[in-house]
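Quick one: the structure is below, questions incoming.
Chain naming follows the written order as A, B and C, and within any one chain the residues start at number 1.
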């Protein structure tokens, strides 16, 4: 198991998640250490995306969603604390499976979030800083007022990452961020994740095991709603404890 | 392995076995009866195909004849006097001015009220409302209202705006009545437009900590605007052509002035057309045709705007 | 790099503003309920006064309608008969032609022609009913008179014909949608048996699309019943029970319009009578619309 030196930033305790009658996440207890990259892997439908969406309460939009257990962010329960959910989502950003830039300019895509959340600083400067961090600045600096939809898929996804960074979050959740991208763009995003790990805690759901091995320090393997194994990525991929994990990693199923 | 697969797919030959037993005709006979049948089938096919084409051509022909005859009768009357004169007992002096102005006033006010009411209601229902009892009452009301005949809206306007609120037979009473009339149309169209905005946009905004209203205002509404505008234009075209509710309000009067405030009485293009068409003299019928050209011209502009908007928007959608 | 002082967060003013906006939007949505209630209230309220003087049964089953002259009679059947004669007459023409158009646009028309055809037909739906009224009295009635010289100046037939044109797009577009909704697998199955195109359409596709087709018929009927201006202009103002389409009749809507165009004082029984007729009209169209919605809902998801 993971020994977190320092404190954990996200934690679940005996978490069960249901969609209506169906239990999609079973009794998961997980501690995500600060400033690391953690990968969630497992076959489709194993509950990894559901678990990810629990960390910023995006499941609230599903009517039949309910849960048992605790989800902690910096030690306080995100479903029970009195903090506004929108304030909380500012601190836990998210990048989605398909790039979803807003239908407005590149600059506005980034500045919109900070603006509605009462950001007091210089927005132009913020846009530039975030685009630089997302390794997109050189490609778009001359067309900041063009529509975000005019960019290529990989650029769109980096724009979405820049958009998430602009909120100055502590955690970035990534839900299969490269599944809709070509290998070249995937490489760019993975490089970006390497850069970002110094400042952010990143939780990434991925189908691609090479990707998990490349970008993450810790890996959690889920199967059928259960958390099967959670350990150092190197250990999971070289000598997993569970047979199920080994079978999945060598590609016997999923 | 291969034989097993063949066996399972061998349905039809098995039926042949029963025919060999003598319960049905043998294959030779079946084939010849097909041949006799084929001619009859070919003829039937030909008749049906032509009938369907005929139905379409009838509709197109009627449309062409309608437009053509209106143009033929009305165009000679479309002189400048027609636009600057007020209605008159003498067909040669009668003009359309008060009707055009009245329709402009009605149109502008109806646009404001109907868009405010309709789009707000659509946003509430599509983006913000939960699934409670009140919501289902609202849904039921909209479905009901969409099927209510326009003359009944006129009776509502007569009872509520003209009498209860004491607005009299004014422009504002007419505009409010027409707004209620087209409100369901706008709500339904706007909801469709909002529905077609992909959820990923909402999720993206929520993930940045935006509230529901911030998300709708800054991202969903702008994305849905072309669709909403299309619906609004079509609804306005409908409102501009309505005569029945206005006649209920008592707007069928001789109006020889242009409204100057929202409390003035008014006439409108469809009412004046009705007035002319209902007279026995042929000259007034031609005046009606001239009025129809103006009204249809206006509606054609509206509809083409909607079609252009729809095709541009359709091309842009991912 | 963690959360810093630069974020003002969501202010109380912002939260208040958000709540106010939500309430305003909710109120706008509520207007539709108020409108429905308003319609019912207005119609019922005046009708109650009316039925205080005219027994309900005399109204519903009376065969003479003479509200404006002594001796007065308030039997609504002549108006109902006028409405039904006109709208059923309209359906006789509109149903086969509308369905034919739908089959043509959904199955036969191709490429740009198909794309252009639908908007052109929709123009028919966008033409105001007063224009159809004009068309009926200036073109169709004279035409009918040359065919059949006994035709009166005001007659049900010309109203029926223009209403048929008016409701064509309603029927055609709903039928077109429901024909397109029939999955390809069904057609492929039929073609695989050697069926011709017309056989596939008329024997496989149309029966499967029946619920949508029926719904469109009922909706067209409801629209025909509620139509006012064309009927008032073309069919006249002679309340009578007849099946002859070449004489003048009065429909429910044209009675309402006729009274409101005259100088009938508020509070008189003539004035109240239009609300009684209006109530009846409202209930008839409501029943039609509920029926068509029921049919659509009941059979909608059969092919998914």
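The rule we apply is simple: contacts are C-beta pairs under 8 Å (C-beta built on N, C-alpha and C of every residue); 3 or more make two chains touch, one makes a residue touch a chain.
The model shown is predicted, which means the values in this text are computed figures rather than measured ones.
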| item | value |
| --- | --- |
| Closest chain to global C-alpha mean, per-chain Cα centroids | B |
| Furthest chain, CA centroid comparison against chain A | C |
| Top chain pair, ranked by how many C-beta pairs fall in contact | B-C |
| Chain A-chain B separation of Cα centroids, rounded to whole Å | 46 |
| Distance between chain centroids, defined by C-alpha means - chain B, chain C (Å) | 12 |
| Separation of chain A from chain C, taking each centre as the mean of its C-alpha atoms, in whole Å | 53 |
| Chain C residues counted as touching two or more neighbouring chains | 10 |
| Overlap residues in chain A, where contacts from two or more other chains coincide | 86-87, 90, 117 |
| For chain B, residues contacting two or more additional chains | 211, 214 |
| Residue numbers on chain C that touch chain A, as the complex places them | 1-4, 6-11, 14 |
| Complex interface listing, chain B residues touching chain C | 41-42, 44-45, 48-49, 51-56, 58-60, 62-63, 65-66, 69-70, 73, 116-117, 120-121, 123-125, 128-129, 134, 137-138, 141-156, 158-160, 163, 180, 183-184, 187, 211, 213-214, 234, 237-238, 240-244, 247-248, 250, 252, 270, 273-274, 277-278, 285, 288-289, 292, 295-296, 299, 303, 307 |
| Complex contact set, residues of chain C against chain B | 10, 18, 21-22, 24-26, 28-33, 35-36, 38-39, 42-43, 45-46, 96-101, 103-105, 108-109, 117, 119-121, 123-124, 126-131, 133-135, 137-139, 165, 168, 172, 196-199, 202, 219, 222, 225-229, 233, 253, 256-257, 260-261, 266, 274-275, 278, 281-282, 285-286, 288-289, 293 |
| Parts of chain A lying in touch with chain B, wherever the complex brings them together | 56, 58, 61, 63, 86-90, 93-94, 96, 98, 100-104, 112-113, 116-117, 149, 160, 163-164, 167 |
| Parts of chain A lying in touch with chain C, wherever the complex brings them together | 84, 86-87, 90-91, 117-121, 168, 170, 199 |
